[in-house]
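Read the structure below first, then the notes.
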Amino acid sequence: MLRVDQVVSGYGPIDVLNHVSISLEQGEIVAVLGANGAGKTTLLRTITGLIRVRKGSVTFGDKVLNGLSPAEVVKCGISHVPEGRHIFPDLTVEENLLLAAYSMPRSQQKNRLDALYAMFSILAERRRQAGGTLSGGEQQMLALARGLMPNPRLMLLDEPSLGLAPKIIGTVFDTLARLRESGVSILLVEQNAKRSLELADRAYVLVTGQVALEGTARDLTGNEMVKQLYLGGTR
Amino acid sequence: MSVDIFLNLTIRGLTTGAVYALVGMGIVLILQTTNVMNFAQGDSGMFITYLAFFMITTAKVPYSLVLILAILAGAVIGLIVERFMMRSVRSRSHLSLIMLTLGLSLLFQGLAAFLFKTEPRLFPPLVSGDPIKIGPVVLGRQDIVVLLAAIVTFGILYLFLYRTKQGAAARSISQDEYAARVLGIPTPSIYMLVWAIGSAMAGLAALLIVPRFSLEPSFMGLIQVKAFTAIVLGGMGSVFGAAVGGLIIGVVENLVAYQFPAIKDSFMLIVIVIVLLVMPQGLFGKRSQRRF
Amino acid sequence: MTPSRLRRLMVNSSIAALVLLLPLVFRTRPSIIGYLNIAMLYAIATQGLNLLMGFGGLVSLGHAAFMAIGGYTAAVLVMTYNVNMFLAIVAGVATAGVFGLVIGFPSLRLSGFYLAVATMALGSSVADVIKRLEITGGDYGLINIPSLRLGGWELASEASRYYVFAGIVVVVFLAVRNFLRSRSGRAVRAVRDSEMTAAAMGVNVAAYKLVTFVFAACIAGLSGALYAFTISYLHPMNFGLVFSIELLSMSIIGGLGTIIGPILGAVFWVMLPIVIGGRMEYLSTVIFGLSIIGSVMFLPKGLSELVTRIQTRLKL
């Protein structure tokens, strides 16, 4: 469904991604692992059109995404939950959600809100509260809900467990598992390799802007290099 | 100072303050969303006022139509400025953006002086007639119009910001521009919209207040300085702060000018420096909102 | 000597020769030299602003106030207290420096737009205070200020002032350049690029900001003092926000953060209206506005960048 083919992209004079190719099929959860600065966030930004594709192509279904603006990419059915959550602190929870479905007709927005409030009851309770007053875990739920708001076929998640307490990380991953049931495909960027390999179907390992390894989650869990680099510690 | 005089000074101060508020609200709107401090706000209004002047005096277009055309002209100027100037330099430093709008302000002044000459012209007021007496307070009719216009503009801006999705988008951009883009909010069109609204307000403000002065290329200069001080006092964070800041400055300035005429011009300026130093968040700003 | 160095030497010396010969070329039209003199004074003040903004990254919308303070101090000392003119100029520079210290304090806490508004307010109030004082001639301004005299030598002609000013411009510009190359200058630029990094490197950020402000104010004060004795007339209105913005415009058009920018910008600013002529006077304002916009958008180093491009094109 998503095909990133030999993509080069970066910032200013620097290429961060060097001929990266990844793919993802309908209904899959695919994890992207890599050290700090490997280019994981850059990969997601490139897919969503936040930064330009310099070489290669990004296609979604039969649609070429090269050159589309983030707004247009969202309309194609891809949403992006950014690293660090980026909740609007002074907007209410509901405003945060509505903005994530900016170009959706009102009636449909209403349906989505209802569905998400049913799914995340805590957000329903806090709907009139400013985003900045939520706890870290609640903000992550809001970020996930924002990602679901446009009813995407594919969600790009950038380190959803970052900076959360272990117990809340569990909740986040449970939520992701539930999402899989509902048919949303997920491209998951994580530092938490153990958990993401447990959840994912397949995974890629990114090293300095290139795909160093790819395979099924089970294969990679057994891989020596992955074990050493990412599964060795307590992470 | 008797109560009557105090009341008169205060109410008239409010009408002057309404002027600062009108200009300041436009500046804050643009500043908050697009991160550009528009030093050309006053002078784009001045330029539009010249266009309006010739429509009224030469082409004999009815005043109400001119008012609408002036607002539209402001919007068009805002669109052009955003699309062809600001968009390509958005990522530059604040200093570059300030310089760009200073250049724009000079351009408007030059165009006005070059095309229309610099001698002051008398601009007919929108409403004429004897001043109105309300109890002990005497108010010019145009002053009342200005006050009403400020209130109505504030109301419209409030509705825009808090009741439309474009307004919510504008507020979201001011809090976290990156997040807004990630979520797929079409930020370029919001920038254009905000510039259009902000500049339209410049046209409206200048047109309403020019009858108090005379029309010349520099007539918005001092008003813009006062509008800036109003913004600072209001905390730069909100349209509401700019409106209240403008009113406060109008009133205080009027009272000070009556009691201590010698320091009337410097007083507010000194106050502003003190405000900046001891409470940079102003009356209504939040510390978190400082983006400079 | 390599051919390219030889060529550069030739170009530089012909420019120097041209500068020296100008008064002879325009022997019959001293007013042209008069305008160039004003341009040089503006260039000196602008160099201070350039130091502040271009190299120090500190916005100032009140720079004209320093010129006013330098000019009024020097003129009042000479006219009311019969002080020797040279000492009066020194006193003008020093007073401007002290005000630089005072106005510089906000810069310790404010930056960007906040600093712009603070300097705008302080700058405008200086003009306002001068307007209210008696000793400065108040709203009438100071008239009949004696003309420049150094030692026993009265600089009555435009040409004589021209050479003196050209010398001062060179001295001031070299002083700024050497300052920037010194340890303190590097610290100033480090502060501009990132206050946090500079502080982490052990730079006393506050001290360097103040030093920059004081130095810039002194230079502007010198310009103001010379200005007073050149045009023999001072009025507070000429040193308000409008003139501050004009100085800023000159430095932008010339090229912020370049050493030769101020002179290029000031000469452009003063001479363009003369070239265009009185009847189309305000066309120059239009061109100034467009030049600023053009500089920011396409030539961030303004006219200096143009000069550099021509240099590389000609392989100088």
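Letters are used for the chains, namely A, B and C, taken in the order the chains are written, and counting of residues starts over at 1 for each.
By definition in this document, a contact is a pair of C-beta atoms (placed from the backbone, for glycine too) under 8 Å apart; a residue touches a chain by one contact, two chains touch by 3 or more.
Because the structure is a prediction, the values reported are computed rather than measured.
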item: Arrangement of touching chains [line / ring / star / complete / other]; value: line
item: Chain nearest the overall Cα centroid; value: B
item: Top-ranked pair of chains - ranking by C-beta pairs in contact; value: B-C
item: Distance between the centres, which are taken as Cα means, of chain C and chain B, whole angstrom; value: 32
item: Whole-Å gap separating chain A and chain C, where each centre is the average of the chain's CA atoms; value: 54
item: Approximate Å spacing (C-alpha centroids) for the pair chain A, chain B; value: 42
item: Of chain B, residues touching chain A in the complex; value: 165, 168-169, 171-172, 175-176, 178-186, 188, 286, 288
item: Touching residues (chain side chain C, partner chain B) in the complex; value: 53, 57, 59, 106, 109-114, 116-118, 120-122, 124-125, 128-129, 132, 241-242, 245, 248-249, 252, 280-293, 295-297, 300
item: Chain B residues within the chain C interface of the complex; value: 31, 37, 85, 88-89, 92, 94-96, 98-100, 102-111, 113-114, 118, 218, 221, 225, 228-229, 232, 236, 262-263, 265-266, 269-270, 272-273, 276-277, 280, 292
item: List of chain A residues in touch with chain B within their complex; value: 48, 50, 69-71, 73-75, 79-80, 82, 86-91, 95, 98-100, 102-103, 132, 146, 150
